[in-house]
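Shared between the two complexes below is chain A, which has chain B as its partner in the first and chain C in the second.
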Partner chain A sequence: MAAASARRRPAPLVLLSTVFLILWLLAAAFPFLWTAWGSFKVELDFFSITDWTNALTGEATENTYGRPFTGAGYFGAWIQEDFWRAALNTGLVCFFVVCTSLTIGTLGGYALSRSSHNYVFWLLITALIFRAMPPITLVSGYLPPFFQWNLWGHLPTAIIVLVAINQPFTLWMLHSFFQKIPKDLDESARVDGCTQFEAFRFVIIPVMWPGVITTGLFSFLLAYNDFAVTAMLLNENNRTMVPKIAAFLGTTYTEGNVMFAVAASVSAVIPLFLLVMVFQRQIVSGLTAGAVKG
Partner chain B sequence: MKHRTFFWFFLPTGLAMLIFIAAPIVSVVMQSFFVPHEAVLVETENCGPFGCTKSVTIDQEATEQLRANNPLGRFAGLDIYLDRGHLAVSEVAEAWRETDSLGAFFSDIGDLPFYRALAFTLTYTFVVTPLLIALGFAIALAVNSLTQRLKGVVIFFSLLPMIVTPLVGSLILFWMIDSRGVLGTLIQYLADDPGLSLKASTSLMWGALITYGVWHSAPFAFVVFYAGLQTVPQDTLESARIDGASRWQQVWYVIVPHLMPLVTFVALIQLMDNFRVFEPIVGFNAAAHATSLSWIIFNDLGGETRQLSAAATTSVLTILGVAILLSPVLVRTWRDFKGKA
Partner chain C sequence: MAEIQLKNVCKRWGSFIGVDNFDLTIADREFLVLLGPSGCGKTTTMRMIAGLEDATDGEIVIGDRVVNDLDPKDRDIAMVFQSYGLYPNMNVYENIRFPLKVRKVDPATHNERVMRAAAMVELEEFLHRKPAELSGGQRQRVALARAIVREPNVFLMDEPLSNLDAKLRVSTRAQIKNLQHELKVTTIYVTHDQIEAMTLADRVVVMKRGVIQQVGTPTEIYDRPANTFVAGFIGSPAMNLMDGTLAGGVFTASNVRIEGLSGPDGPVTLGFRAEDASVSASADGAEISAPVYTMELLGDATMITVRAGGAMVSVKAHKDYRIEIDETVGLSVPAHICHLFHKDTGARLEA
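Right, the complex of A and B next:
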């Protein structure tokens, strides 16, 4: 009991820390709630010059549509402006990027974790340098050959490029996960007469899923959130969600289009919201994997 | 593992990186030394009963021929690096000669596109990084003293700013801070200046971008520090307490030293990531007040005229900047590796 009372924090400190946390939570969550609420209004309410409470009550929306809420922004973005196509493209890109980069990344990461030759270190260092490179600096290297061979603008091109940009990070992450799997496991399989690949297939694959899922989450986020590469490498029909949202802003600044962008942004945040809800534990462990170790 | 087996296991990922990262880097460096061919012009003289006129036309065939013979373009050496759009050597020298104070010199330099972008990129990198570390540490300390049930909820909401797409996140903030948005109205009200607007004020725009940067990256620092707090040795804390250390002293002399390696880790990662700042400038529509190196590249590549050489040159300069920021990480990794071996 004595120890517990010694650890109990004085009231002012508790108050301070609670107020601080509430402020931070407001800063972290309030913008999303506000924008989600405002996405069901017309622009005059979302950006209300006369009175900011209009954004809450939706006065102009009521004048236009007879109700304080309207789905006009969503209808305009998804149906009129074909945002559904961008969503579909994002789905395709993310699915194939995650699958491909995990497949080749597991093989490579496994090899790196099980080999003790000198070149392993240099390969990891090279991957680290590649990881630090801003992807946009590579784009001017992609464009001439892609134009020449008519590869520019297609989804598979963007997928392969994103897979490659993803690899350095994937390799580092999987390398450290595989190092935690005891070497004895596959070595005993080798003693029993398996080839290295059979040992990988029958002994390692069944136990590697936690690490692979965590790595997959980050590959997904990289592909989903990318703007620079997809905006530069995809043509108008094949655009993914993020460049599409940017396009809503860039076209002439009419009333409807800003609200299209607002509705589309809210739509793009929802999958991420669900992702964090389901995989919170994996995301946290993935973020700390590299840090706590080294 | 045998070399042969290693080779086959590593081949797919190695090929992907070789073709789509290593080769483009080589290509970018090459492009930065070449400019596109100018069209071959031919002068023809048309003589008629009313005198002769000269006209200049493009010789399509010869231009095509020239482009086919030298697809890289005309060799320009370091010309693109030194031109006005990049290092602007002659402009800098002129500004140095003609201005009489350092302030005037720097304001002259600040009008050159490359230095303007570099100034913002560096300011952003070195202001955002310490701030996000401090904020992340404070959140981690506060969350660590919560009850188990509250922790999950708080961590969930804290992750959102980091997970959300950078462009979307910056748009969401921009729509609120914009002069017509709710926070913009609040700022005007607090400053008692109805004309105050993000679009019109450079300092407000820089402040908003930096706020976005801290908001976006603080969760990463928070999560890392929070995990580190779980491993603080309780014995040391206990003995500090017995020796009469105040709460503040416990944090400063026990917890902070324990977390120091993590602080270095977060700082190095964030320095590299903040250096590539790009999406918020698009999201905040900030190009009139703040540009970054990545933004210049994007701007050169986009639009009707794709200025590949200019973009490639800025890319090479950006890569050099990253390399300087990366060197401490490399030294650290090298030391770890030597330590292990």
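Right, the complex of A and C next:
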């Protein structure tokens, strides 16, 4: 009994930590919840100067549409302003960025993790330096040749640049995953009759799946959330979601345009929300992957 | 026919010498054990035979092929790793079958061969399990089955028993010995455990810092060690080694006087095995007479240790023998059980 009561934490501490947790949760979730709620209102409600509670009750929305909620923002963004095209572009960009960076990353990470040469260390350090630089510094370097060669504005250009920016990170992450797989596994596969590549294909990759998925997720998130590269390198028709939202915000002269941005950002967040829910385990393991080894 | 010849094989990393001028012919169907302390180059030697490590110099011949430039898969070998190297995503059956599958052996024969290999190591009831669901001993047997399923020309085993507990080690050791006898395949076995070497080997190679110290049958190694290193490494307890001087066939050192030896006059190292010597009835006239340093009861014998000739010297006495510490004891070490070694080089001095 004594041991049990000793293990129980004092009531004030429990209360304090619970209150703190709830406050923190509210602070973290509030902006999103507020935006999600407000996306179904008209601009006069959501950005009301007279009374902020209008954003909650939706007075102006009711006056305009006869209901406190309206899908006008979503309709405007997706149909009128072709946000679906931006969503499609984001999908294309993410797909190709993830595929390319994973292909290069798994092959390169495996080779680096199994090599005993000194340059491996320096290669990885260089990769880390490139990863640490703000992407915008790289983009400004890319711009002049892209204009000159008439490559500016196209999706493949943005994909290549995003891969180049992502690659150090994926390489680094996959390398540390591969290092966790004992060399004995490759060696026994090679003795059993595999070439080095067959050992990689039949023995290492099946064991590596969780690491590849985790790295893929991070690569996806980087591509999905990117603003610097896509905003600078894509023309108006090829914009992905994030720069498109920024463009909505930039044209606030027309009433309602800002609501397109609100609706569009809510739409852009939802896939991420689902993704994180489904893959939360892999993401956490990825966050701690480099923590002990690398 | 799979005779293995190692012709002056060397392995160097920069200026560090891993294996130095290893020259040996391993007969077909022989069970050869590479024995030595960690870092002596025994595993490197095996890995060079397997093709997992390139030889810096020399030639490796398996059968009648020089294999130096061949990939491991083309050398027709099978290897058991210390850490087993099982494929965690496949069950036991698939693990054992893997070598047949990647080598494109006729699929119709797979099942029969896997079942036969599994039966040999008594794994039939675990075939559907994943390696993670097996105990250490069972994993070791999967690794063995995977090695034998293809019936290769050479088995290589890298300390296969070192991750098992003492009891399991003894039974698996017996199993390996029996398997090798049954399959009649040339086997090279690496270990740092001299008991494994003694029990398993047809021939033992004792290595130290990349250099072969002695090659011989277990009895030869035990009874006629080539130098003080081998003498001190083999046997439990290791051979007693005392420094002293030999003059006119008489060896003298502190507390020691042994007559009737033959060898050159001068400083020498004298060795004898604890079980060859005995406790004499009285301290007077015994070859060694010294106060007891410690007495250990081993169950089947009593071990008496004294200080003599600048070293601790142990002798096995009858299991009922009792004596107090610091009491003077006489130890009988007749000349015919003694081995003489050069004091500086440690090499054996022949009579």
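What we mean here is this: the second predicted complex is superposed on the first by the 287 of 294 C-alpha atoms of A that agree within 3 Å, B and C clash if a C-alpha of one lies under 4 Å from a C-alpha of the other, contacts with A are read in each partner's own complex, and residues count from 1 in each chain.
Note that in this section a contact is a pair of C-beta atoms (placed from the backbone, for glycine too) under 8 Å apart; a residue touches a chain by one contact, two chains touch by 3 or more.
Note that the structure is a prediction, hence the values are computed from the model and not measured.
Look at A:R67: by the touch rule set out above, it reaches neither chain B nor chain C. Shared-chain residue A:T137: touches chain B; no touch with chain C. Once chain A of one complex is fitted onto chain A of the other, the partner contacts of A:C194 are limited to chain C, with no touch recorded for chain B.
By the touch criterion defined above, A:K180 lies against neither chain B nor chain C after alignment on the C-alpha atoms of chain A. Within the superposed three-chain model, A:S115 lies in touch with chain B and out of touch with chain C [touch as defined at top].
In the superposed model, A:L171 makes contact with chain B only, not with chain C. Once the two complexes are overlaid on the shared chain, A:A27 sits against chain B while remaining clear of chain C.
More chain A residues lie in contact with B than with the other chain of the pair chain B and chain C. Once both structures are placed on chain A, no chain A residue is touched by chain B and, in the other complex, by chain C.
Remark: chain A residues 6, 9-10, 13-14, 17-18, 20-21, 24-25, 27-29, 31-32, 34-35, 38, 46-49, 52, 55, 103-105, 107-108, 110-112, 114-115, 117, 121, 123-130, 132-134, 136-145, 160-161, 163-165, 167-168, 170-171, 196-197, 200, 221, 224-225, 227-228, 231-232, 242, 245-246, 249, 261-262, 265, 268-269, 272-273, 275-277, 280, 283-284, 287-288, 290-292, 294 touch chain B in the complex. Contact residues of chain A toward chain C in the complex are 182, 184-185, 187-195, 198, 202-203, 206-207. Every residue of chain B that touches chain A in the complex is listed here, in rising order: 1-3, 5-6, 9-10, 12-14, 16-17, 19-28, 31, 135, 138-139, 141-143, 145-146, 152, 154-161, 163-168, 171-173, 175-176, 178, 180-182, 185, 215, 219-220, 223-224, 227-228, 231, 241, 247, 261-262, 265-266, 272, 275-276, 278-279, 282, 285, 294, 297-298, 300-302, 306, 308, 311-312, 315-316, 318-319, 322-323, 325-326, 329-330, 333-334, 336-337. Residues of chain C that touch chain A in their complex: 50-52, 71-73, 77-79, 81-89, 98-99, 102-103, 146, 150, 156.
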